[in-house]
């Protein structure tokens, strides 16, 4: 074990006021080049094209997750709760700080196109030849493995995992508050201090004192609001579609042996699916944006058009459709082709619930890869119940599915060729 | 003149809650590629390396300046003040929105190295072959010139200029509030709504009702706090030094005919001082950061070291020195050379008041290029006085100079060669 | 009609920043003694005994309801919506300002004991020999009747009534925000500015543009949280029980001809149910609290004990009970009597849903006296739908009943006589 | 010593989010009737007549001072600073909680009229036959004396005194933040968390780490703003004048043997200057307001007029005067008498700096009863300097005197008798 810092370090943070660093290990991790790289990856991907304030990076979010975890543990220690394994403090803090370190540029969008997974990269960074690995190994030889196990949810003590990954973990609590702050909406605010105060370590789990049930309800309702007003915003979806199509087109061209005017090593390897750690670490959003700026001048018109759309925020328009049945889709496809558009790129149907979010589900033992521990209440007689059993409002919103189909498409070419479209299509695309 | 929008557009803004767009011209200006480019230029340059929240762009600041200007004018119109020339509304709004459109990446630092001036570029963008020019010309043929005149402070009606450029203009009011919000400090907050309410158009100037004097005092004190705690922060100065040295070194190498491993067209022209508008518009912070990442692998060790320092935030250390006299500087220079460092790059003395800020100066008719109109109070008998005549606190802080000399240097090589340094130097560099 | 104020007046308000007064009539109404009296009536009754910040008065709430109404109307006027009858501005503003002017001290509690109704008193104040009536009559002879009609919901234009009284009226919007601010909880905050922006006058009703549905959902969820965490708080219920019992006992003693050590004219008339307007206006919370302080020394032990409990905040304890059946109640009654307590005063069963609140009900055409207009959405094709038809989350919480039975009792005498109680009663009263 | 609480208690507080109670003694003190009485004394006296939100009580302020003190001490303990005497924790917390317990209704105004001093009463309450004394004696027999010594600033360890009473003590820090919150102004906000973090116990004093100097400057500037915009507001001064005159007139009548229609025991003793502890504790603001309401019907016209003015907020008007010399005053006096007014009651000259405030004074060893310890900075080499030596801005505002003479008078009788006044007087009173 390494000594604490002789003097506490602080970071001024808009969400938590201050982030406190008390351990030499945490301080050194923050100063590694791999962690500093998170300053070049936005927390919310392309959301800044919808909410202009949302320009914050994964760097600040990672500090925030660390800080919430630190406060939870500090509270457990201050009260001396016997069910908290005090020796797990540092591994928990490191996992909290580093849980997102493997994210690449616009991760969620890229992971849909390429065979890549940020969690796998996080583990490569923890275990590979990196500065982070060097710092972690100073704690002990198997410390990098321990931190990686927490992130992979295979760590032997589930209470440590649940700090970072459960239905109400430090990760979610930070991003809801942070994304609300930077977008400027007030939906995402909930009473963090009260929730921290009612958390209890109990028999290998983190549970909530029943007196805090209303605060948890408030957290879940804030989450619901954030999903619908921020995360699923159809304009953000439009920018993600453009982004995915840029990479899809670049990959397609690459496979066809197209000679790019401009290419960089890490991008080439991404397109080839041959990324190694060193190059992965060079993939950041400035590089992606520089590529888009260069590709805006490529001779492939599809690629250059998509890149200009992204850079200059000329996104696809969307219309809401009730029922995207086969017949309708065929008709739309035919209409686009008839005016010289490419349906593979110039239209997309989006249904929000393809997304990895849900308001709240009490049990997820449904064979999914990732099961998030449910929220458990502890009553005054030490009985445990899952929150939707006790809370009418949580039960009533559990599993609530909402959302509409949206059809995305470039407006101008359709408007220019309106005369060639059927009346039904003109109405569908709202070109009147 | 063009028609208003049929439906008001809004942007959710963390500082002003909402930004309202009511004119077709404003809406189209925001959607030009030159304005969208401001999303790729940070408002506070390298400050995000000191305050991690300060990742906001000039895009959001420009919307904010527009919104404050809109609210001032809307208040003038609502009360029907006769001294407000109502026909100046649109030119004022356009100038507010576009006043920063010529900023390049890390402008303030770059302007110290290269022969470039963001205000000149702003006028090129307004008057050249750009989308912005096209939108402005739809108002009238000379409208681009009018907007440029406001920005150049040569517009015939000084009241319009003073909205955008005076001791208490929409620009400053937005950036103080916005920078305070994103850094997370509460020094910069003042009562914007009250100040807006006490502004009055009066004989070609904008003055403040005397009953609002305390609100103005509060604004000036907030400004004072922001300068000392945010804008002059010595860690931010350190990152700016690194940044300037990167460009100074690159320029030096370029002059020497050095073959860069990696170069891009716009950067090459910047280094050659031959930038044209098209390439200037391609210069953004993602491109600069991509260059730094590539140059981190250059064979020139000085350039690659500086680039790595910037990317991985391994900044120069600083110590406070009382009196940077010749003797001391010579001694420091000799000491650095003795251990193989280059004093041209590995040290820098910084005195905050070389910076283009001051707390408040009532008159600036001192031959400077830019004179900022002072803050004038209007009493109940329609007499005007400059605020420092009436306010003891403003008078007492007027012209207050504060600040210390800081010596910046790379810590590690000095620490490694500590044995070769004199005791006095060891103490100066705080290597104990 | 009377002229506007030559100069706008403002009140600094913690919730709305500033309250703007633009009409001579509104300014004079605020300065009447009957309106100033609202400074001596707390907005939340005894809630300050649970949340110490909740000391705000009905005066500030009334200004807030006025201000929200003013903003709604100002927005209607600015956009020139044809369905807003512009001539109804002043009557709407006056009704908003005065809607609560008839409230007495701790109204909700007193109205359960005495045959009194604050809305009836409001109309007496509007129509009787008062300063408010004088100011209103300066507008026109029938203006007091018009304002009273809005408050009684009999005004011929329902759109005016719905500003003040509907499922999402200015009254509710102000009190949710205000009570949240003063208690210090953040459950009650919602996006007021956005809601104001999506309100539309439409065919005699106020409807919500469908694009604002999520903001309305957020408002309803905030309301839900406020009810459960503030308005129904069991400690507040306990203080209300004490308060009601003080008045119940005083009335009982008065009927028995008890000679009070201290009595005041207005209180005597309250107890006799013979209150006239003049005396009603003298009934305020300082008078009630002075009475409690004096009655704390009365010879009637029940009355003096209750008064001391209220003054010194020695409230009844409560326990949650599942099913308050006859058998249990009889057993509790017997137990209390056995140790010399008076079950009429020393116990009370409370079920929160006896209270005049509900989360949201779309239709209330169930014969109730007061029907609150439901929230209607207006889609892009001008179709109207009630919100719970469109919003899954509103539908899922509509009519949700929640709440538990609580048994209230004085703890000390029970604890002192614990030996005399059955084991079952000791357990029920949690005396272990 | 008594045990800690088995379970921490919390109070929801709008300013500090939560107030934490961890000691049985603190919990019991809060529940005494003498402490609960503070709910019936407003923190800011008559300020609510100027800023309607300022209705908060000394109860919430006292909890706030306690909470800040608790946080300071907790930070000292967490870092294990050797200069903090850990055994002084409880006495410090009790003194913080109770420092204002002796305040009566509208204290500052009343103390100017009657021979009474809230600090003396605080000590009577701590040492007399009260519930508070009983709770304190459970700690030890001399504990009440110890707490009283802290409040009287005679406690042997000055570091304990300085927590509660110095230029930057817990009392001032709470009231600035709290008064700013409830009035709704944002002048009073400063970075409490940062200040708490830079406080250090050092050689019997509490000093500030020099790196926190700017945060202290910000605190002092906030204080300056609060004085001028809230505490010295001329409308508040007007209401205080009315209040003092009510009591002055009541005292005068009492001395003359006037038979009051209504009188209460504690008030009678106040007027007679024969108050004993029991009756003092019955003096609260509801009683004072009830008296005003009753006296509004007294036959003495002066008293009834003053009471009506206070209740219905019909305050004296004020005008600013440059130089209240003898000649002017005589002329005003004569003018008032000429139209039948009483200059002893119907006029008052007010100069704000008669008030017990000042922006900041480094040394106050000027024979005053109360010397507030100055703010000391501790540099990195453990040298101490008074802040105005290091901070230019503090030095520049130190001892700054500002403020204007105001003349207060009832407007209506002067306006009605305008014809009888000289032109000069009409102009002075602004009756045009």
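By letter and in written order, the chains are A, B, C and D; residue numbering begins at 1 in each of them.
Assume contacts are C-beta pairs under 8 Å (C-beta built on N, C-alpha and C of every residue); 3 or more make two chains touch, one makes a residue touch a chain.
Since this is a predicted model, take the numbers as computed values, not measurements.
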{"item": "C-D compared against B-C, more contacting pairs", "value": "C-D"}
{"item": "Maximum centroid distance from chain D, chain identifier (CA atoms)", "value": "A"}
{"item": "Centre distance in Å when chain C and chain D are each reduced to the mean of their C-alpha atoms", "value": "32"}
{"item": "Inter-centroid spacing, chain C versus chain B (mean Cα positions, whole Å)", "value": "51"}
{"item": "Overlap residues in chain A, where contacts from two or more other chains coincide", "value": "17, 185"}
{"item": "Residues of chain B that touch chain A when the two form their complex", "value": "11-15, 17, 31-33, 36-37, 39-40, 48-49, 51-53, 55-57, 59-60, 63, 181-185, 264, 282, 284-290, 293, 308, 311-314"}
{"item": "Residue numbers on chain A that touch chain C, as the complex places them", "value": "185-187, 189-191, 214, 217-218, 221, 224-225, 228-229, 392-393, 396-397, 400-402"}
{"item": "Interfacial residue positions of chain D with respect to chain A in the complex", "value": "10, 17-18, 193-194, 197"}
